[in-house]
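Here come two complexes built around chain A, the first alongside chain B, the second alongside chain C.
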Partner chain A sequence: MTFLFSGILLRLVNYQRSIQIKADTLGAALEQLEKCHPQIKSVLRDGSGQVRRAHQVFLNGEQVSKPSLNMSLKETDEVEFITAIAGG
Partner chain B sequence: MTNHTVFKEALYPTQFSALQLRPRTLLDIAMNGLARYMAEHLTTFPDFIYHHRAAMVIRTVHLDYVPPDLCFADASWLEMHVGMAVNRTGEWLSLAVDYQAGNRPVARVRIILRVLTLVDSDSLSAQLGQLPESLLARFPADQRQSTETFTGQARATPLFQRGPQLVAVQRQETTLTRTYCEVADQWSFVEMSEMATTARERLFETFSSSNDIVRQAVGAPVRRLIASYRRPMFVFDRCCTLTQAYMSRDTKHAIFEHTFQLPASQKPHLHIWEILDAI
Partner chain C sequence: MTRGAVLEEIGYLCEDPAFPLLLSIHTNIALLVAEAGTQRLVHSYALPIARGERLPALAFSEGTDLFSMRTRAVTSGSGFRLSGHKEFITGGMLADVFLTYASTEQGDMIACLVEATDKGVEITATNGLGLRTAGTAQLTLNDVSVPAERVIAPTDGLSNAQTFLNSRRMSIASYTPGQMRMLLEQTVAQLHKRMRYGHALINLPNVQAAVGRMYVALETSRAMAYWAQEHFDQGATHPVFDSVISAAKYHSTKQALVLMDEVFRVLGGHAYYGDPRYGMYLRDYFGFIAGAGTQDLLEINLGLCASRDLTSTPRPNIQERIDVT
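Now for the complex of A and B:
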């Protein structure tokens, strides 16, 4: 699968627009991602390990209303996070 | 008793175009007014975010110039009168800034803001929320309004009686560099207003062979600017700007309508209307 990044998350992944990861669930993919970019973990996940509500999760361009860490992923899937931001 | 904030700014040349105080200037000063009002009557902006864990995003902006336009030679100082209002649950805020030079009104800005709750202070990520009770209590009774007052304005889309088309849809694409963004790498509403102005003035090159269109695009001051922010864009996003222009049905005004979105988006993330006097 491939993670796509934009906005505030870019600088937490060394400004890489996309990162390919071999994993078959969202939870496993996040764990792989966090091994390479540990600073993103506290931004993306809450204390219980779930994706924070501030991030909208999109799977292949479609918003996932209730993203689960068990969500199955294929090799060609693209997951994107859109983050609501407190700014101007 | 109503709370308000008054402050003055010395005027300088880069705040003006040859025609008027730039929209960007007035919106930047409006943000200054917001920060000053908050510091005087609520809490400072940094404390609002990092101590109270609250934030706000802009939903709509209305900027109205009062003719005749103030030019650089006309005044040395600009005086701002700033007020705010809140809905009863603390979910919505409005900011009103009246600009004066001497005793002469110059412009008026009205902004509707949605209150957020901070989720993570490192990324400044946030979700829909409401003002903490301690801050809500600082709004006097006469500055509390019904929720419908805010949501109505936040949803409202201006309806213009369209007359003849001036310019068919023009498309431009650019990258949102940090020039266009704020502290959290999200677009800045101030800089995006400037992007609308830029899109209009680029028509000078596109229509260099049509003097009527060029004169209308760059020869008249902006009378009103209306912006509706729907979904934010972020640093290094590709931003597609679509611009069209038409006369109002009474032919008194030219309306330049801009939408901003990711190239693949189905809906605009931002819609800005510039209303100019017809030439």
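Now for the complex of A and C:
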């Protein structure tokens, strides 16, 4: 599968727009990603390990409203994070 | 739509431009606390806030990026001890309870309620360019004990705060057109009274053009607000960052400043030296450039979302994988 990044997340993955990972679930893919880019873990996930609601997650272009770590992934799948956040 | 219409009328009728802002902060915090779900939070905070018996304020900003916030929450028994400093708190001098956010030792963020009377809480006034009737303040937390029952989000406080700001943008977009309508009516009334070259100013074509531009600013802001409210009523809004709501806040802020620019150009000295309300609204509208997400940051976020939403080509047959829990 391939992760796609943009905006404020880019600096946490050395400004790579896409990163290919070998994994068959979202949770396993995130663990692989976090091994290479540990700083992204606390930004993407909350204290319970779930993806923070502030990130909009898209699977092959379709928004996933409540992304599950058990969500199955294929080799050709693209998971994109859009992070639109602001201060007070 | 109903809440938006009420806010618009309050914006129109209220002499104090900060009042609808404070009111919207209070009701949005009441909603957020109620959504936390515990009976104790609802009865101790959400309902008294909704009735106006308790006055809350949001203590979120620290003048840093959102991933570098320095206020810390250290576990203490079943609760936390908070230390840090929060800035730019609208209504902070009036508040008796603060919705605040702090980073945990695990790198997460909690959302919790701090009472103004809690030991270790210091509240100091902030003098800003505008919003002078809003009681803007800073909050310092010196090892403040927060019991577990006052934690409204034990994890992912970042998203909790974004939900609040999303609602706040809707409120700003809703009441600002009411204020703009009042300002336009006051300006037109003055233009009927003031004479130049034997004619009322309102009869000069260049002044009529300025009034036309103000009318466009008002009505496009109302239209955006109504569209955002309808979008909300349809259940189509994104709870954390909704592009339509954010575009409405962005547009009303920009158009309110356009309207004020036109007011000063056609009324001249009367706006600058005469009626102090014009200066008050101008200063307060500059606050919207920074409030509930800076205009520049909203542009970036809107561009980020639009550039993917407008080019996405969803593929079928992935729903069963999305539904896995």
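Everything below uses one rule, namely that the second predicted complex is superposed on the first by the 86 of 88 C-alpha atoms of A that agree within 3 Å, B and C clash if a C-alpha of one lies under 4 Å from a C-alpha of the other, contacts with A are read in each partner's own complex, and residues count from 1 in each chain.
Criterion: contacts are C-beta pairs under 8 Å (C-beta built on N, C-alpha and C of every residue); 3 or more make two chains touch, one makes a residue touch a chain.
Being a predicted model, the structure only gives us computed values, none of them experimental.
In the superposition on chain A, A:Glu62 contacts chain C only, with no contact to chain B. Applying the stated contact rule after C-alpha superposition, one finds that A:Arg11 touches chain B and leaves chain C untouched.
When the two structures are aligned on the shared chain, A:Glu80 is found in touch with chain C, with no touch to chain B. Of the two partner chains, chain C is the only one that A:Ser48 touches; chain B does not reach it.
Put chain B and chain C next to each other and count what each touches on chain A; the higher total goes to C.
Applying the stated touch rule to the two superposed structures, the overlap between the chain B and chain C interfaces on chain A comprises residues 6-7, 42-43, 52-54, 61, 84-88. Taken in their complex, chain C has these residues touching chain A: 58, 60-61, 66-67, 88, 104, 106-108, 154-156, 158-159, 161-163, 165, 238-241, 243, 246, 291-294, 297-298, 300-302, 304-305, 308, 312-315, 318, 321-322, 324-325. The touching residues of chain B, when paired with chain A in their complex, are 31, 49, 55-58, 116, 118-120, 122-128, 182-186, 188-190, 232, 234-237, 264. Touching chain C in their complex are the following residues of chain A: 6-7, 41-43, 46-48, 50, 52-54, 56, 58-62, 64-65, 67-68, 70-73, 80, 82, 84-88. The touching residues of chain A, when paired with chain B in their complex, are 6-12, 15, 42-43, 52-55, 61, 83-88.
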